[in-house]
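Each chain carries a letter (A, B and C) given by its place in the written order, and its residues are counted from 1.
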Amino acid sequence: MERLRDYLLPEQSSTLATDVDNLFMFINYASVILLVGITIALIYFSWKYKRKSESDVTPVIRHNLALELTWTIIPLIMIMIVFAWGFRGYMTMRNAPADSMEVYVTGLSFGWQFTYTNGVLSGSDLYVPAGRPVKLLMQSRDVIHSFFVPDFRIKQDLMPNRYTTVWFQADEPGQHIVYCTEYCGSGHSAMMGRVIVLPEAEFTAWLSEEKAKSEQELPLARLGENVFSQQGCMACHSVDGDAGIGPTFKGLFGSTRNFTDGSSTTADESYLRESILVANAKVVAGFAPAMPSYSGVLSDRQVDALIEYIKELN
Amino acid sequence: MANTTIREFPVEEYPKTHYLNHDKTLKSWLLTIDHKRIGLMYLASIIFFFFVGGVLALVLRLELWEPARNFMDADTYNRIFTLHGAVMIFLFIIPSIPAALGNIFLPVMLGAKDVAFPRLNLASFYIYVFGAFFTLYSMAQGGIDTGWTFYTPYSTTTGSAVVSMTFGVFVMGFSSILTGLNFIVTIHKMRAPGLIWGKLPLFIWSLYATAIIQVLATPVLAITLLLLILERTLGIGIFDPALGGDPVLYQHFFWFYSHPAVYIMIVPAFGIISELIATFSRKTIFGYWAIAFSSLAIAFIGFLVWGHHMFTSGQSELSTVVFSFLTFFVGLPTGIKILNWVATMYKGSIWLQSPMIYAIMFLFLFTIGGLTGIMLGALSVDIHLHDTYYVVAHFHYVMMGGTVFAFLGGLHFWWPKFTGKMFNEFQAKIAAVILFIGFNMTFLPQFVMGSQGMPRRYYGYIEQFQTLHQYSTVGSWVLGVGFLLIAWYLVQSLRKGDAAPSNPWGGRSLEWMTSSPMPPHNFDYVPVVKHGPYDYHQPIAEFRLGVEDPHSSSEPKSH
Amino acid sequence: MSHTDASHAHSHVQHHFVDSDQQFDSAKLGMWVFLVTEILFFGGLFVAYIVYRAWNPELFTMAATQLDTVMGGINTLVLIGSSLTMALAIRAAQTNEARKSMIYLISTVALAFVFMIIKYFEYTHKFDMGIFPGEYYTFTGIDHPRAHIFFSIYYMMTGLHGIHVIIGIGVITWLIIKTKNGAFNSEYYTPVEITGLYWHLVDIVWIFLFPLLYLID
């Protein structure tokens, strides 16, 4: 039985998972019993009451109150159990413990950004301490996204005009995949992230290290590398030469760009700046116009830094 | 004047003149107001669009053979899955049973000469064609990449051809409304003498419930899509958060139609299954009123559960809980129906012809679809399963395992009646088995993938899922082969099939009491109904009663 | 079509109906069902109105002052008057008074035109102020970030209603021609009767729109 559960469901890595899984398996068992019953009846009747001759006479059975009451009341009780069980689990999911650590989450096409209350920003990887409840305050920068961690059994849409919340507590250190489950465009299936659960002490160390990093005046290219990962650029642009949803950044600077409208230009600083800030001003041939505008999102210094970083990839 | 004595009328077997050939000009088809010809034109159209949607599905499955790019890019993939959904839902499955089979058989089963408003019926066909033209036009413009749900703000910001697609769907909505209106009036006013509500075939009851949903829900879709179109063209700001609007409001509007719409798709299938089970078990249906009223109950409750598509959308906890609670009450009448059908087979005289095989397969597949619906209604579990392949598998079990299998059952059941030709029964059985295997092979793995956390609408996926995706893809080829076989023997049947007798399955409802194919005006007499459609214990002669048709001497001019 | 007395009585019954009563009942039920779909069609907009009013009650109070209550009020009276003339036209058709019926139908169309002309002046006035629907909205007189949404809803509701009035004008004009040709009598007046039902619905929708949009305080 446990092996079936472990096959059907991902690992149980949050405190919420056990209850969800038990209900899942309960419904599965009840359903299989019912399905097998119906299937046996179908096969048995088809065989037992197979037509013998054209003149077969069948009895007139219009209804049977006792039978009908049984098959109304028993399913009614079953679905009420399922409702109540699901309701209880849902309320637990909705009410984060008061002592939860809060992290702000921004969804954007096509990546995740996590902002800690001390100002630390992490792109695509959410670091959390083991054994402590974490509450995410989430919103989207553009279209609707949805934050889904299968190992935690949690999912919540991110809206562009309001905060939504979700919480979890992971007791064991480990890594867990994050998916976007509300269709958001070309990079929807590439909009992945990770939840990295660290032991409490390691997490605290990580957080202060990141804090220190962000307070230093970084060289521009290093800042650019941070912006690259924090803004989720890697969902579409690789740095190793592979084409993704957008062109790779490797060897980009100084190369000749051919556009869908037939024109071409050399990729200089102005071209890169325009591509970042003006949505789809020039679209490279062979790619879809999927790039959102980062005007108002990135500061001038961050744009400069990104350009430096791209130059460095040559 | 007419002779009003009730007597038994003989049925003309293998008639020379019938509705298919009494007038052979192209004009007599394109401008026909005969419900049977209109139904056939619908049938041809939906089969065409089923083929289009099916090919798109095969292409999608082939792309998913590899975790990363196989042969198309993400943008193309997104457009194709959107088209697959939109074509299958708006162009195939919504009109499939009501507008095609319903149009052909509803008046005949009522003993009427036509639907109440034949011209309106023709108009609704051309409105459908007009709407379909816009969706094709949208494909020619490069398609649309929003998913068939057109969620804002993605649909208000994407560069693809949203306006022509939504306008097409908007237009087709009116076709659906007018068909529903026509059916409601026809059922109320055009029944043959003696055909009281309690003697209506259950297929008619299901079409009645469907028509009510069509009439009440579709206008809301129309206004929603109109607002979406204006949102894109004028920026009215009701659904677009960038202009102060609210995307969750759009979801409420959309699902207020689109949830009842799934009952537009499945309830007519229930009607077909009732006919098939009773006819091929040659037995009075068990719980006639339970089945009839459960259709109406589903239609009613179906209007109150739209929010269960939005459990993770950020709507209030209270509404989420209420919607979950109500959702379970759709499960109840549905379950009752299934058990009634099984009970009808008890002590029957079961004839395993291909339509009955489809009905039995339906019962198995639809039970899985229904039970996994209970799973998705359970709040805490749905949070995990929402927007994963589990949902994809669930609605394919309901819509394809349910509606399409019932549609195929109905198509085989009535094929001899409306074409006048028999098909190759052996090949039909083989095809049904191939479809059944292919279907389960395609969609069972998707339940597993979904539970394991594979999100839907994904172009790429992690390698862990590749094996299951490949099973699913192979299954889709098996399905394709099954459908090709069906197409083959049905075409053969049209070309050189044996002539069909008027009542090949021994049915008791009125469509079997007239020639195959039917005469231009369905009956050469005015039927008078004495027994219910499932009264197999009554002598068959008493189902062919009628009075002389006062109009029969002066056959109306052609039209 | 022959005009001998015997065939005249039945010439309007289409082949698939048993008799005149069945045809009349069907047409009437069909129109009622159609009106239900119309109510749901407008219903979607009413829901949008209710939602946005619940979210921004102050906006609706402010914005309603920009609507001309006098013009709206006159239009309400005009439409109620046209409903009355429509009812009288049906009555006259039932009692074989084709000429009277025609005069009433013409008055109905005339009143409908008055309604549309007043509507035209209202719209032009708003356009002059820069109150356009959606993103073309440039009016600055209302200090509210969602002001354009109120007017989007206003234009949607009154526009959709206006389209219904125009369709009504078309159908009633067709009735006038048919009446002139003597198509209707006490045996057969179904089109007049069911068009009347439609026209009353158009009137009723306006009777809801007027207070909801114009009379907010």
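Definition applied: a contact is a pair of C-beta atoms (placed from the backbone, for glycine too) under 8 Å apart; a residue touches a chain by one contact, two chains touch by 3 or more.
Here the structure is a predicted model, which means the values were calculated and not measured.
Trainee: Treat chain B as absent and tell me which of the other chains still form joined groups.
Mentor: Ignoring chain B, components are A | C.
Trainee: With chain centres defined as mean CA positions, report which chain is farthest from chain A.
Mentor: So the chain farthest away from chain A turns out to be C.
Trainee: With chain centres taken as the means of their Cα atoms, state the distance from chain A to chain B in Å.
Mentor: Result: the chain centres lie 34 Å from each other.
Trainee: Between chain B and chain C, what's the gap in Å when you average each chain's C-alpha atoms?
Mentor: Comparing mean C-alpha positions, chain C is 35 Å from chain B.
Trainee: Taking the mean of the C-alpha atoms as each chain's centre, how many Å separate chain A from chain C?
Mentor: 49
Trainee: Can you list the chain B residues in contact with two or more other chains?
Mentor: As it turns out, chain B has residues touching two or more other chains at 246.
Trainee: Provide the residue numbers of chain C that touch chain B in the complex, in ascending order.
Mentor: 14-16, 18, 22, 25-26, 29-30, 33-34, 36-38, 40-45, 47-48, 51-52, 133-136, 145-146, 148-149, 152-153, 155-156
Trainee: Where on chain B is chain A touching in the complex?
Mentor: Listed in rising order, the residues of chain B that touch chain A are 73-75, 78, 145-147, 151, 153-154, 157-159, 241-242, 246-248, 281-284, 286-288, 290, 312-314, 317, 320-321, 324-325, 328, 331-332, 335-336, 338-339, 342-343, 345-352, 360, 363-364, 367-368, 371-372, 374-375, 377-384, 386-388, 448, 451-453, 455-462, 506, 536-537.
Trainee: Give every residue of chain A touching chain B within the complex, in rising order.
Mentor: That would be residues 7-10, 16, 19-20, 23-24, 27-28, 31, 34-35, 38-39, 41-42, 45-46, 49-52, 54, 56-64, 67-68, 71-72, 75-76, 79-80, 82-83, 85-94, 142-144, 146, 148, 150-151, 153-157, 159-162, 164, 177, 179-190, 245, 288-290 of chain A.
Trainee: Hey, which residues of chain B end up touching chain C in the complex?
Mentor: Touch list, chain B to chain C: 112-118, 120, 177, 181-182, 184-186, 188-190, 215-220, 222-224, 227, 230-231, 234-238, 243-246, 249, 253, 521, 526, 551, 556.
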